[in-house]
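Each in structure tokens, the structures are laid out below.
The two complexes that follow have chain A in common; it is paired with chain B in the first and with chain C in the second.
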Partner chain A sequence: MKVNELASALRLQSITEPDGEREIDGCYIGDLLSWVMGRAQSGNVWVTIMSNINIVAVATLADVSCIVLAEGVTVEDSVKAVAEAKGVNLFTTPMTAYEIAAKIAALTV
Partner chain B sequence: MKELSLNILDVAENSVKAGASLIGIELDETEELLTLRITDNGCGMTPEILASVTDPFYTTRTTRKVGLGLPLLKLAAEQTGGSMTVASRHESTNPEDHGTEVTATFYKNHIDCTPMGDVISSIVTLIQGNPTRDFVFTHKRSEGNVVLDTRQLRDVLGEDVPLNSFEVLQWITEFLREQYAGDENR
Partner chain C sequence: MSEAAVALHFNVDGEDFTSAGQASVQVKKSLRQLGIDSEIIRKVSIAMYEGEINMVIHAGGGEAHVLIYEDRIEIKLDDHGPGIANIEMAMQEGWSTAPDNIRSLGFGAGMGLPNMKRYTDDMKIDSVVGEGTHIVMTVNL
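Here is the complex of A and B:
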């Protein structure tokens, strides 16, 4: 499944979507960025409530397919601009991390 | 990071990479605040580099394009309501007095305050990996201060005994443990 297909299926609100054709491969939930850096896998949908600029760096480093901000979290314009520039797909949704992961599992597993 | 002791290790390694011969690691605890200050006499940073140190996409590494050491320390401090500052004097403009000072302040009682972790292991790891550099570790606490100055150790041991020999590292570990345990034995 591609990022843009997932976003459509789950009605995720797009913040940046520079690479919507990216294939997704699994899901990782985590808010401790140093932990996520070493554990999220390439292609994962990364679900978090963190919203500072560092999430874009971690997403780049871990090569996740997209970041989904749970529970209605949003980012500042400066973070949006960097995500766009670095090619990081970024979405937000009112759902909890559990709800998002369950729905991703239902769609992809 | 999961523990503050890992941040200490990470930031002090920056001092090592900056060529510092003397690195100070100070923890200052009050009832409400924990202040971490790491100082060094390394090459320092130019104003341009200093302005970029909390940008995670700025790094001196050549192996990857992301540097998260100081950005993560800043985040850890700020998520408790605290802050982080970095001051630096570059050797090109201050040939006699250059170096960097990183100061992070944490509100200890905030629910998101990172646990301290194993500071003794971090200090010992730094000495083990960098036996020719000197470290001054100070932990100011209401229960009693913990202090280690490797320059004093070097004076006693002389040039022939490296600080990263097994016996010395073991002694340092015990020395720090005893100081931390001292208040419990009072």
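Here is the complex of A and C:
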């Protein structure tokens, strides 16, 4: 499944979507950045409530397919701009991390 | 010892949190352009990011050198920060001295140094309290 297909299936609100054609592969939930760095797998959907600028570099380097901000969390415009420039897909949704993961599992597993 | 085919150098700014990680992002880009295997790129990216962030958070910045040889990639990190008093303890998962304002950004899990060890084939830390920390990590190609 592609990032843009997941976004429309889950009605995720797009903040940036420079690489919507990227394939997704599994999901990782976490807010502590070095846990995400060490444990998230390439292609994962990364679900978090962390919204500061550092999530962009972590997403790039851990090579996740997109970031999904849970619980209606949003980002400052500066974070949006950097994510767009770095080619990082970024979404927000009112759902909890559990609900997002359960839906991803139902769609892809 | 053979000479590095490619050498990259970065000054890591200790003041600017908003650009933290940029050297690592740049290294990732360069390795891609060189056609390096994506699993190797991931290892180097993760290890270098953790080291870069540590220099920003704990040492007020520093310098990074990435040397690409025929058979390996070396990441060298040098800072003139406070040094690490007990390296064995610092290497343990969960051990951190990060202050609260840094923790609120998602850092301070005490997983950075363990990640650096896990994602590289060799890691050497040389640190003197009051003088600074020097780290060399090697990823075999």
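FYI, the second predicted complex is superposed on the first by the 109 of 109 C-alpha atoms of A that agree within 3 Å, B and C clash if a C-alpha of one lies under 4 Å from a C-alpha of the other, contacts with A are read in each partner's own complex, and residues count from 1 in each chain.
Assume contacts are C-beta pairs under 8 Å (C-beta built on N, C-alpha and C of every residue); 3 or more make two chains touch, one makes a residue touch a chain.
Owing to the predicted nature of the structure, the values given are computational and were not obtained by experimental measurement.
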| item | value |
| --- | --- |
| Clash or fit, chain B versus chain C on superposed chain A | clash |
| Contacts of A:Ser78 with chain B and chain C, given as first, second, both or neither | second |
| Partner chain in contact with A:Leu90 - chain B first, chain C second, else both or neither | neither |
| Comparison of chain B and chain C by chain A residues contacted | C |
| First, second, both or neither for A:Val47, with chain B first and chain C second | neither |
| Touched partner set for A:Leu33, first chain B, second chain C, both or neither | both |
| Contacts of A:Asp63 with chain B and chain C, given as first, second, both or neither | second |
| Touched partner set for A:Ile100, first chain B, second chain C, both or neither | neither |
| Touching both chain B and chain C, residues of chain A | 32-35, 37, 52-54, 57-58, 60-61, 86 |
| Interface residues, chain C side, partner chain A - complex | 17-18, 20-22, 24-25, 28, 38, 42, 45-46, 49-50, 105-112, 114-115, 118-119 |
| Touching residues on chain A, where the partner in the complex is chain C | 31-35, 37-38, 42, 50, 52-55, 57-58, 60-63, 78, 86 |
| Contact footprint of chain B on chain A as seen in their complex | 32-35, 37, 52-54, 56-58, 60-61, 82, 86 |
| Complex interface listing, chain B residues touching chain A | 1-2, 6, 55-57, 64-66, 68, 71-72, 75 |
